[in-house]
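Letters A, B, C, D and E name the chains as they come in the text, with residue numbers starting at 1 for each one.
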Amino acid sequence: MSNIKNQGKGEGGKAKGKPLRTRFASGRVFFTLCLLPFTFYLSGCRQDMQDQPRYEVYEPSKSFSDGQSSRPYVEGTVARGYRDVNTAYYTGRNATGAGGGAAGPPSGGAGGGGLTPLTSVSANAPNAQGATTGGTQTGGDVNVRGNVAGNVPGAGQTGTPGGVNEFPFAITAKELDRGEERFNIYCAMCHGQTGYGDGMIVRRGFRRPPSLHDDRLRNETLGHFFDVITNGWGAMPDYSEQIPPRDRWAIIAYIRALQLSQNTPAAEVPENLRNQRKPGPGTPTTQGGHQGTGGERTP
Amino acid sequence: MRKPTRPAIYGVMAEFDNPTDVVAATRRAHEEGYRNMDAYSPYPIEALSEAVGHHKERLPLIVLIGGIVGLIGGYALQYYVSVINYPLNVGGKPLHSWPAFIPITFETTVLGAAMAAIFGMLALNGLPEPYHPVFNVPNFALASRDRFFLVIEARDPKFDREATTGFLRSLGAQEVADVEH
Amino acid sequence: MASRVDEPHDDLIHVTPNPVIEPGHTAASVTDKISALVLKRKTPLAWYIGFFISFSLANVLMFTIAYLVTTGIGIWGNNWPVGWAFDIINFVWWIGIGHAGTLISAILLLLRQEWRTSINRFAEAMTLFAVACAGLFPLLHTGRPWLAYWMLPYPNTMNIYPQFRSPLMWDVFAVSTYASVSALFWYVGLIPDFATLRDRAKNRAFKVVYGMLALGWRGSARHWHRYETAYLLLAGLATPLVLSVHTIVSFDFAVSQLPGWHATIFPPYFVAGAIYAGFAMVLLLTIPLRKFYGLEDFITLRHLRNSAKIMLATGLIVGYGYMMEAFMAWYSASEYEGFMLKNRIWTGPYWWAYALLLITNIIIPQILWSKRARHNTAILFIVSLIISVGMWLERFVIIVTSLHRDFLPSSWAMYRPTIFDWSMFIGTIGLFFTLLLLFIRFLPAISIFEMRTILPGAAPKEEG
Amino acid sequence: MPQIFHRSTNTLAKLSIFGSIFVLLFVTWAVAEINRSSWNTGAFDEREQPVQFSHKHHTGDDGIDCRYCHTSVEVSSNAGLPPTKTCMNCHSQLWSDSPYLEPVRASWKENKPIEWTRVHDLPDYVYFNHSIHVAKGVGCSSCHGRVDEMPLVYQAASLQMEWCLECHREPERYLRPKSEVFNMDWQQENALAENKTAEQLARGRQLKAEYKVRPRAILESCSTCHR
Amino acid sequence: MSAEAAADTKTTYNAPSSVGQLGGRALVAGVVALVLCVVGAFVNPAGFWRAYLVGYVFWTGVSVGSLAIIMLHHLSGGGWGVVIRRPLEAAARTLPVMAILFLPIAFAVFTHRLYPWTVPEEADLEIIKHKAIYLNIPFFLGRTVFYFAMWFMLSYFLSKWSLAQDSADDPRERRRLKDRLQNLSGPGILLFGLTVTFAAVDWVMSLEPEWFSTIYGLLIMVGWGLTSLAFAIVTTVVISKDERLAHVYQPRHFHDHGKLLLAFVMLWAYFSFSQFLIIWSGNLPEEIPWYMRRLFGGWGYVAVALVIGHFALPFVLLLSRERKRRARSLVVVALLVLMMRVVDLFWTIAPSVLAMPHHGGGADAAHGGGGMADVVAYVLNFITPIAIGGFWLWWYARELASRPLLPLGDQGLEDALADANGHH
């Protein structure tokens, strides 16, 4: 091309005689025509394989009125394998201690090992399942006990009637570790890592929860803690979706350990562990689980 | 770029109408001591290239190197990709499936050698060279038809415009012309 | 037999009825006559008609491709178990046709066969266009041709490379090497002729275009020497390259385990078949060409006769291949091989294809044993046409009849080409002829400078 | 015969033929680099969200664990996007009047999900599972970068196959103890970068054995990610 | 060419006396080697049979391959063929010797010593039963007789008409003979291809009757062509030592021979590699054992030696133009090729015979079992081909001396002998 240009200059522009416009125009038309076959390549812009005609998790859908592709459980059904018969395990109450409570749990489990409809994703939602269904912020399925805005139950109110007071499974050191980890993820935000109720969210202005080291809470049944995690209590929302039942029990075990750690006379601590004692209350750390508090756990 | 010493013309061109004469004339010029000269013919004449003093050919060596590069490169590529970079088990064949690598190695060898042959030839010939002084002589257009030319260049130490022209005339050239730069 | 392995001076011109160039020509006449084909302004009407027809067909191809890439290769008739069909048949057919070009050019140059001179340029062009047509098919069969560059090993963001143990990948390298080396070989052969055209052209635009293509060629003795060396070396490289390409195409099939494909004879048998089909196409094109353009002086009966002999020889090798396949299928005592054989030639639904194949590819070409047939252009033309059909059928038989009955009887099915299979096939024929017609219109179809070398008196006389 | 071409075309012609190899190499390199660039991959591109949610604030300043919201990351292929309920856990009381949180409250009231803009989107032909990575000691920040320092989340990696393979080929370069998986601060200087320190490699190899990370041949096989 | 000149050349181009001496020495060597072989055969029969088959196939290859090259020359012409036509014709006329030397193989067939399909227990296998129509002793021997009949026929007419050309003074008569030779050569090549293919299947491939390969016939054909070409080159170099003949064989002839040799070497490598790659890729249980037997253990080294000696080395050596043109360096390559041909056949044949179950002793010997038998087996590998070669060469020398060394009536002779100065 450059050769032609040079020549054009050198020869004094022989072509100048012709109307420049038409030459340009026809050249452009020809050029465009030459490019036409290459428009086939535009079909390469399709993203057929990247975006296949199927729903990914949380993908919106036009097929349903609520715009979600993830569908909630059908009302009144129980999935195979999710029939919760162990009342104590799933509700923290004795099978006999049914009903009761100003804000009795909505779980039908109180009926004594009965069916727990999936629609009330309460205690029984296995975590994985919850993740997919809970998917697109299905707020409507959440059971919040009491009034979220406040209206705390009176201090004098008793805990959970019929609450069990023993773990439905053996608590090992492993379970305790798990409980500690889960506590630090879900509970320490408000309750503080040591349970005094001075977590970061509280410091940001959330209503201060009672210290776990209060006498009342130290003497509460295990089932009460389970019920509170499952169904909420006062300002505390329920954590049934975030924490599966087994983890709740593990957390409760850890709470018990915390309570022991703060209320055991030094004399009862074995000699060799006494010096490992870490600073107690009032020095909350909110940095997550990695700053272990293992030293406070009393075997 | 020593402009002052640059000769006034490129050289002197003699025209012949048959291959025998041009070969004879070129040999004579060579015997006479001229070295910076070139002969032009419409088709390859082995004797003519010898007469202008072209003996050694470097091209085969270049082609050999090109082929070896293609051979090693092709095999190394396949070895690197299949054994080192992404060792995938395909059909239970060994990662280093040398029998399967031979066809492509062969192709790259040929490709390397062929490219070396073509571009080596162009490079050694100094092509492309669309502008060349010899094209200034009007009759040179026949060099691609049926005429043969001998050009003695001005940069030859023995070159002398008149004497060389006379010498070329004496060789039986049809026509002798100056070649402008 | 195949080729005359001899020295130029051994050529018994005095006893040969048809020389490679008719007497009376000089360098000037050869130059003027051939370059006039290109530079003469008057284009024959036949050219326009031919171009119109082939360009229309090429457009059929373009529209088919447009529909194909926007819709998907489901518009073809390929379906399980016949996953390869027209696309690969046509690929192998075209690439086979391409072989004769390089072969004529390269092998005959190495063997110093002067008769190649007048047809080599044309044959090389044929190679290029046939390879272009062939390349389309596997490219489109990938389904997403715009991602074809994925088949090349380049540093990509997927950090993944082609699978070099696959013969299909060998194909990519073989065909692209073949295409580029053939194109360069062709171009290098054209350089001196571009110079001739540059010097002959009257029109300034042509002068510039041919001048650029000639790269400033001026016929210097030193240049010629290197040029000849390079050309000879290229011929030496191109010869095994040609053989390797169809060998690798045959590996596409033979490396698998499918009865009817997995046969060790495939490489030589495919190569012979390719040369067979290629020479048939050369004759198919040169016979009308020499007539319309009056090139009987340059493309003499001797060329046609020698091509016919090569066809006969390669056809017999192909026949040998059929025979060995059949014999070994029985000899192997393998149940699957035995079934394949029986199904292919007798009991299967495609028996007619095999029968037709034997008739067109083996039986009819035997007429070439007769000297009289070899000297009759009409017969040669018809036989070449039949061989072209036969070689297409051969690929059909190998591919479709081997696939339609695979190891699992429940998946057996017939293959039916759709209209798009046909339009692509016919369209590539249109594309091929479009390119060929453009070539003979704008480029010298016969190597001018090489014609000059074989004229009497081209060599300088030695004194003493 | 007059000259057709000007003297200067000699250089030009030579350049255009012999220079083409460099042009070709440059173009290949340039195309490869453009493909890798964030312009193509969308990396470092902060996505606008319907709610001005800041991971930097919640994770970095408040120290909320990743799993508080992304509850299923340890047990599911999907990390889990928190429902509005999770927001309301705290924001029922905190900033309950803030106009910034109006969309959240609206979602809560109308029982309609908030439509977040997806940041990390793998092609549909890729199978990816969060839980296995978490279980084998691949930290959040190894892929997602320092989310605790991102006011608006962006994609920190290219998410191209070569990036996946970088770790699948040599997991020891990135593995960390399981207890540190959710620690955003873990070896900050090495996240997302070539990590070949002897210390990391030694620990990585040990962890690889301990966590029974599959051998390279399996991690690299096609069906591990394309199934 | 005038009559006197013709008469003169007739005597000029007679074989030098050295040829006769060579034949005599070859016969002595052959007899001595044969005696040793017979002794060895008693110690290690298996070692003897496999060595015998190797030697037999090699030397038959020289004879039959020569036929093909003669016919190729008749069809294509060219000075290269004119100068080696007579040695090739002489080689083809040694076929009677090879026919007689087939008798030991027939004996081995009858006594079930060489081919598994001749062994009753083996023949009962389903896969071999299927082939019984083809692989049975009478048909096998009948086919061999047919092959030899065809080869005799070709060799007889090619030699006869070639000799007739010498004495034909009328150019038209010569022309007619030339046409006749040409007309025979076309179908002759076809016949050659078919007979050699089936001879290859019968004599070599059926050593492992469950194995098959469609390219096998071509492989043996190319091997035989290569053998006879290399042999013809060696012959020309030897006889060109005679000063009367020195001017006949010019560098350009050797150049052409060298190119042809290179082509054959490449063709052999191409066929061999194609067969290997296809079988290696397919990896089918009925095919791959053939290569397993030949690639692992000590045989792997032989295979590598073949790749180098049968392909790489000759290929590189023959690339050089100068080396092809110099008789002395070309003959080195030709001798290398001849040697590697024996190695190739050994590599092809011996593992099959070792795999044969009925050769317990032989197999042991090959695996280093019995010390004495072992040594004998190795010695036999060398001397058996020499024994056959001795007789072959003796006959060849006689045939070579019986006619002028150049086809005096060939129209291309003048051109072939022309001093090609300025020609390359």
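Simple rule for what comes next: a residue touches a chain if its C-beta (ideal position, glycine included) is under 8 Å from a C-beta of that chain, and two chains touch if they have at least 3 such contacts.
Keep in mind that this is a model prediction, so the values were computed, not measured.
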{"item": "Graph separation of chain A and chain B (steps between touching chains)", "value": "2"}
{"item": "Any chain that touches chain E and chain C", "value": "B"}
{"item": "From chain A, the most remote chain by mean C-alpha position", "value": "E"}
{"item": "From chain D, the most remote chain by mean C-alpha position", "value": "E"}
{"item": "Contact-richer chain pair [C-D vs B-E]", "value": "C-D"}
{"item": "Centre-of-Cα separation between chain E and chain D, whole angstrom", "value": "69"}
{"item": "Approximate Å spacing (C-alpha centroids) for the pair chain B, chain D", "value": "56"}
{"item": "Chain A-chain E separation of Cα centroids, rounded to whole Å", "value": "83"}
{"item": "Centroid distance [mean C-alpha coordinates] between chain C and chain B, Å", "value": "30"}
{"item": "Per-residue overlap in chain C, given as positions that touch at least 2 other chains", "value": "159-160, 167, 198-199, 208, 211-212, 215-216, 240, 247, 251, 462"}
{"item": "Residues of chain D whose C-beta touches two or more other chains", "value": "1, 4-6, 8-10, 13, 165"}
{"item": "Per-residue multi-chain contacts in chain B, two or more chains", "value": "86, 88, 100, 103, 122, 128-131, 135, 140-141"}
{"item": "Chain D contact footprint on chain B (complex, rising order)", "value": "86-89, 119, 122-123, 128-131, 135-141"}
{"item": "Interfacial residue positions of chain E with respect to chain C in the complex", "value": "71-72, 75-81, 126-128, 130-131, 134, 175, 185-186, 189-190, 193-194, 197, 201, 210, 212-218, 252, 256, 259-260, 266, 270-271, 274-275, 277-279, 281-282, 284, 286, 411-412, 415-416, 418, 420, 422-423"}
{"item": "Parts of chain D lying in touch with chain A, wherever the complex brings them together", "value": "4-6, 8-9, 12-13, 62-65, 67-68, 71-72, 75-76, 78, 80-86, 88-90, 92-94, 107-108, 111-115, 118, 123-125, 179-180, 182-183"}
{"item": "Interface residues, chain E side, partner chain B - complex", "value": "273, 276-277, 280-281"}
{"item": "Residues of chain B that touch chain E when the two form their complex", "value": "99-100, 102-103"}
